[in-house]
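The structure appears below as structure tokens.
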Amino acid sequence: MDSLFLANLSSPPLLFFFLGAAAAFLRSDLEIPTQIAKFLSLYLLFAIGFKGGVALAESSLDATVWQGLLAAVALSVVIPLLVFFLLSRRLPAADAAAVAATYGSVSAVTFVTCTAYLDTSNIAWSGHLVAAMALMESPAIIVGILLYRLKIAERAKAAEAAKGPEAVLGAGAGNSYDSDGISWRELLRESCLNGSVFLIVGSMIIGAVTGSRGMAQIHGFVGELFIGMLCLFLLDMGIVAARRLQELGSNSRRTDAPLPLVRLMIYAIVLPIGNAVLAGTLALLLNLPEGDALLLTILGASASYIAVPAALRLALPEASPSIYLPMSLAITFPFNLLVGIPLYHQVLRWALST
Amino acid sequence: MKACKRVEIVIEEALSGRMAGRLDELGAPGYTLIPRASGRGDRGLRRGDDPTGTLTNCVFIIACDDDETVQRIVDGVRTLLSRSGGICLVSDALWVRH
Amino acid sequence: MKACKRVEIVIEEALSGRMAGRLDELGAPGYTLIPRASGRGDRGLRRGDDPTGTLTNCVFIIACDDDETVQRIVDGVRTLLSRSGGICLVSDALWVRH
Amino acid sequence: MKACKRVEIVIEEALSGRMAGRLDELGAPGYTLIPRASGRGDRGLRRGDDPTGTLTNCVFIIACDDDETVQRIVDGVRTLLSRSGGICLVSDALWVRH
Amino acid sequence: MDSLFLANLSSPPLLFFFLGAAAAFLRSDLEIPTQIAKFLSLYLLFAIGFKGGVALAESSLDATVWQGLLAAVALSVVIPLLVFFLLSRRLPAADAAAVAATYGSVSAVTFVTCTAYLDTSNIAWSGHLVAAMALMESPAIIVGILLYRLKIAERAKAAEAAKGPEAVLGAGAGNSYDSDGISWRELLRESCLNGSVFLIVGSMIIGAVTGSRGMAQIHGFVGELFIGMLCLFLLDMGIVAARRLQELGSNSRRTDAPLPLVRLMIYAIVLPIGNAVLAGTLALLLNLPEGDALLLTILGASASYIAVPAALRLALPEASPSIYLPMSLAITFPFNLLVGIPLYHQVLRWALST
Amino acid sequence: MDSLFLANLSSPPLLFFFLGAAAAFLRSDLEIPTQIAKFLSLYLLFAIGFKGGVALAESSLDATVWQGLLAAVALSVVIPLLVFFLLSRRLPAADAAAVAATYGSVSAVTFVTCTAYLDTSNIAWSGHLVAAMALMESPAIIVGILLYRLKIAERAKAAEAAKGPEAVLGAGAGNSYDSDGISWRELLRESCLNGSVFLIVGSMIIGAVTGSRGMAQIHGFVGELFIGMLCLFLLDMGIVAARRLQELGSNSRRTDAPLPLVRLMIYAIVLPIGNAVLAGTLALLLNLPEGDALLLTILGASASYIAVPAALRLALPEASPSIYLPMSLAITFPFNLLVGIPLYHQVLRWALST
């Protein structure tokens, strides 16, 4: 077991993540300019999408592929349901729905880091897992919003039944949402046409269309640079995650925080583990090979901190980003990177060998 | 030069598109948008450092010489701000006509 | 603190160098320039997204405590704006001397 | 809407962190920070082009409805500005409460 | 014929252009940060300039080279004249002059995409065509401005002759240009020392000076990355071009538009085809080999949307960028990329084989 | 001797520096966006740090290494002392201290360019020189600030002794520094945890930890791209340095300039030469091999224009950046790049061969 952990911890990308975190904790002024960070993340989506598409073109589109994709979508629908029912009593409905959407969706960088981990360990994985990742972003957002709406409607009905017309006005504040904010068309657009989702899906299609001929043309770009660019991006993520963690500490001293720090941290570690168990079990049931099983597991375990927050600020602005963002970015993300990947791998290995 | 109101709105960048659309609907004669600001307010620090744009602000500046429109903008903007945070300041200015 | 005028100019970024030169000539005591703004006005949307800088704005802020200079700036700036678009606002402020 | 003061500070970007900390200490209710401005003043041109941030400015905007706090901010900011350069303007505004 | 079109349309760079356009039309929030787009365009100018310079150093500077360069300069002088005389009755003088300058000049990215097209098709081309491209930027701008001035002066004279002194005052508004704006020195500077022109010429000279020794040092940068960076840049161009096209649609509903949308679109397709015929004929007369002939044709057919607009905003601010910019960027650019390159290629092949 | 100069001057990175300078002098609008310039500099620090670390891992950590590191630190303490005593009569104390810190510290890009120069000349150099560079940044800043404080305290004492209590109040303005500004903890943080220093040290440690295994993963990034990225960065530095030089010229006409332009320029050339002599002598005494000796010399001769100015604006805001910044950036930096490297190399060769 130790060797997996150590190998993971001593890979350059992970070490650069630590370096970034150290910079933030020591209050160094090291900083990656925001447009550069955006560029690095666009590059990673572009490259992983293209590589996945090329791999997809070379594989036969048989039952395994469809099963894998279906499993992924199922996960991204089921996980938010579970998370919402776990949290909706402990948090305001909007926040619970936002956390549900966050954990039902995926973190592309965690996925990418996991593929780099597999490549370094010489374990094969299939290109269609990239498609699986892309498919998991949107349903989770939609489910999250739906859950919130149902809850609000249910409350409004309960209030109406119990207390008469005035209360409805209060519940109406929740509904002013409709008039004020987002239509279903907008919601679909924001969840399915989110920039990150769009780029990865688009690159995957282009990769699949142009195949190895296309790869030959841009291999120097998407291949050779990949780990280096990932290092730089994780350096930035380390800085940002550590800052959020620090702010979490100082904010938690405020008495009006909706969720005490310790509980928030516990959730942010328990949720990925629970989701990993779910996804891993599914992977085993589907007889996925080692690499694919680990990737599906990490898709389940990871939580979005780019695509979903961006979409949620539009679709659910009443949810406080100071809950779902630090949970996924400052705790779950590093947890998966440092502990999760080798841990899930170890467990899957053990399960596969028995 | 013509008397006008200068409306200044700070809102998170993720909502800038929605705010611009709202201003159009409300009949603002125009606006200028300064992106990528950071800040601190009731909802804590927004460092402008994260890849989501959730913790980044932007600044809208609107010059408007019609008091009714100003009032409409102020009212229309208020609901957006109350859900997402931010500030809106109104001050007097002279608009140099060219 | 000393009374002064705060002049604020929005103009397309491609012309920022010329505007800065003009301000120097007109005797502005200084200026601050915020680049890369976007906006909407009579000449349509400037998204600040194109590689030419033609559809990008910038904002000049000038504090000036001399009324004559302010007038000179306003007049001198007007011709530039009328050819290329943009706005110029003048308001009262107090300048904290340090 | 509530009367307030709008304080606007231009200072070099390298000192933005210190200025933000100072504003917190002085009890500013919040602030907005626009980075990466350039400008010209007594200390010459700051083109915003060098890799050090030494020749780059940034703009702080503070809305404050408490006159005492405004005074404290103005006084507290003055020492920072006198050592490093920059300007501070104070003007009247209305703060739209949401 | 079809095979050329299909091969062109299924190359990664073109597909990423489509992807960007799709993102804009579907209103996805996919976006390349502006400084990154600038970086990508600087990279492309740097790389193509350097490669052209190295190729130039290896070729013998014989008559063919000088002929090619002269032909290019001639095109960039003649095309604006033709365009101006075609448009000056239909558009205000300033706008006609701006369109003339735009189409007399060239689009570096169209050129670069065409070299990638040739490389993929294994067709040789000569480095001095890069020099030709660089030479074509400035004359067109200068000719455009000159034409505008002549027109204004002519009108002033006509007005003076016909109506007396007052009219001159009106014409003087055009002349206030001088007092207000730009001197000839500035004009020369802005047309010849424009950032894009400067970088490509500079890189070309450095490439020519350091030759294959220099190339060995930076081949990993300008060679291997090239197509990948071009893909990302065209992704951005797709977004921007599609946005301009959309705005064109919505603006055209305004009654005060100087040029109805349909006419503007027709011009933006007729002009490149006409210019391609001109340039292609010249190439055939000069007996240029296939690759060079296609490049010279595309130089004639393409219209500038970076260097010229930037220069025109300074030298001719009364021309409305909402005419010349969408024409070149939103219509001519994609037209040349998608249809023009394979079309001109097909015709040239046919002409060369007869 | 000529051949070294010519080979240096005809390397692509240097030529791009010239190109940038030419762009600025001719007033072209060529510009590298600031975030891109930051990215390029982060990349260079990342790459040189990583490469140095890998080299360090492969070398034996023997006495030579420690001697080299000690020599570097000694230089970064001694040089500021010498510079301060030379300048403190001619300049206000704050400015003299700032210049001292600037020249005691190093320019990473000069160092990087020198390693590229050595690589092109096929001269070996040791990875621990990167560590030496990283170690030299901080002490110089601290020594500079200390010198300034001592001077202020000394003056205050002298004033007290001579003129009584009022004068102390005046000196107190210098001490208001304490109450107003920076604590020793902050100073340490700003000098040792400066972003540039932090990134290079961190990358070096990661390079040393992951060794050749890590290098295999990111070689395409830190290896192949290096010279190309250096070219682009030097293009930007050329622009910036030339602009500073121009402003220096126009500012010097102001009568209140604390240092006449000519003197400032003389210092900015004499100081690097003097420091080179010091560092070179030390290198010879330590019997360093040719490549390492040149690198130690250039470390001595170069002056910081990124890390130190950033730290000084915080720790010593009363020092005018319009003295130390143009000295190091606009004069010493190009001087070392163009003349210094081959000159010091020539002299070292001559000394080593005798």
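Couple of notes before you dig in:
Every chain is named by a letter (A, B, C, D, E and F) in the order it is written, and numbering of its residues begins at 1.
Note that in this section a contact is a pair of C-beta atoms (placed from the backbone, for glycine too) under 8 Å apart; a residue touches a chain by one contact, two chains touch by 3 or more.
Quantities reported herein were computed from a predicted structural model and do not represent experimental measurements.
Here D-F and A-F are compared, and the pair linked by more C-beta contacts is A-F. In this assembly, the chain whose C-alpha centre lies farthest from subunit B is F.
Taking each chain's centre as the average of its CA atoms, subunit C and subunit E sit 32 Å apart. Computed from the mean C-alpha positions, the centre of subunit C lies at a distance of 38 Å from the centre of subunit F. Centroids built from CA atoms put subunit C at 19 Å from subunit B. Counting partner chains per residue, subunit E has residues 29, 31, 34-36, 38-39, 220, 224-225, 310 touching two or more of them. In subunit B, the residues that touch at least two other chains are 34, 36, 48, 79, 91-92.
Here the touching chains pair up as A-B, A-E, A-F, B-C, B-D, C-D, C-E, D-F, E-F.
The touching residues of subunit D, when paired with subunit B in their complex, are 1, 4, 6, 20, 24, 29-36, 61, 63, 91-96, 98. Subunit C makes touch with subunit B in their complex at residues 8, 10, 34, 36-42, 48, 57, 59, 74, 77-79, 81-82, 87-92. Those residues of subunit F that touch subunit E in the shared complex are 10-12, 15-16, 19, 22-23, 26-36, 39, 120, 220, 223-225, 227-229, 231-232.
Contact residues on subunit D toward subunit F in their complex (touch as defined above): 12, 14-15, 18, 36, 43-45, 47-56, 79-80, 83-84.
Residues of subunit A that touch subunit E in their complex: 34-36, 38-39, 42-43, 46, 189-190, 193-195, 198-199, 202-203, 206, 209-210, 214, 217-222, 224-225, 310.
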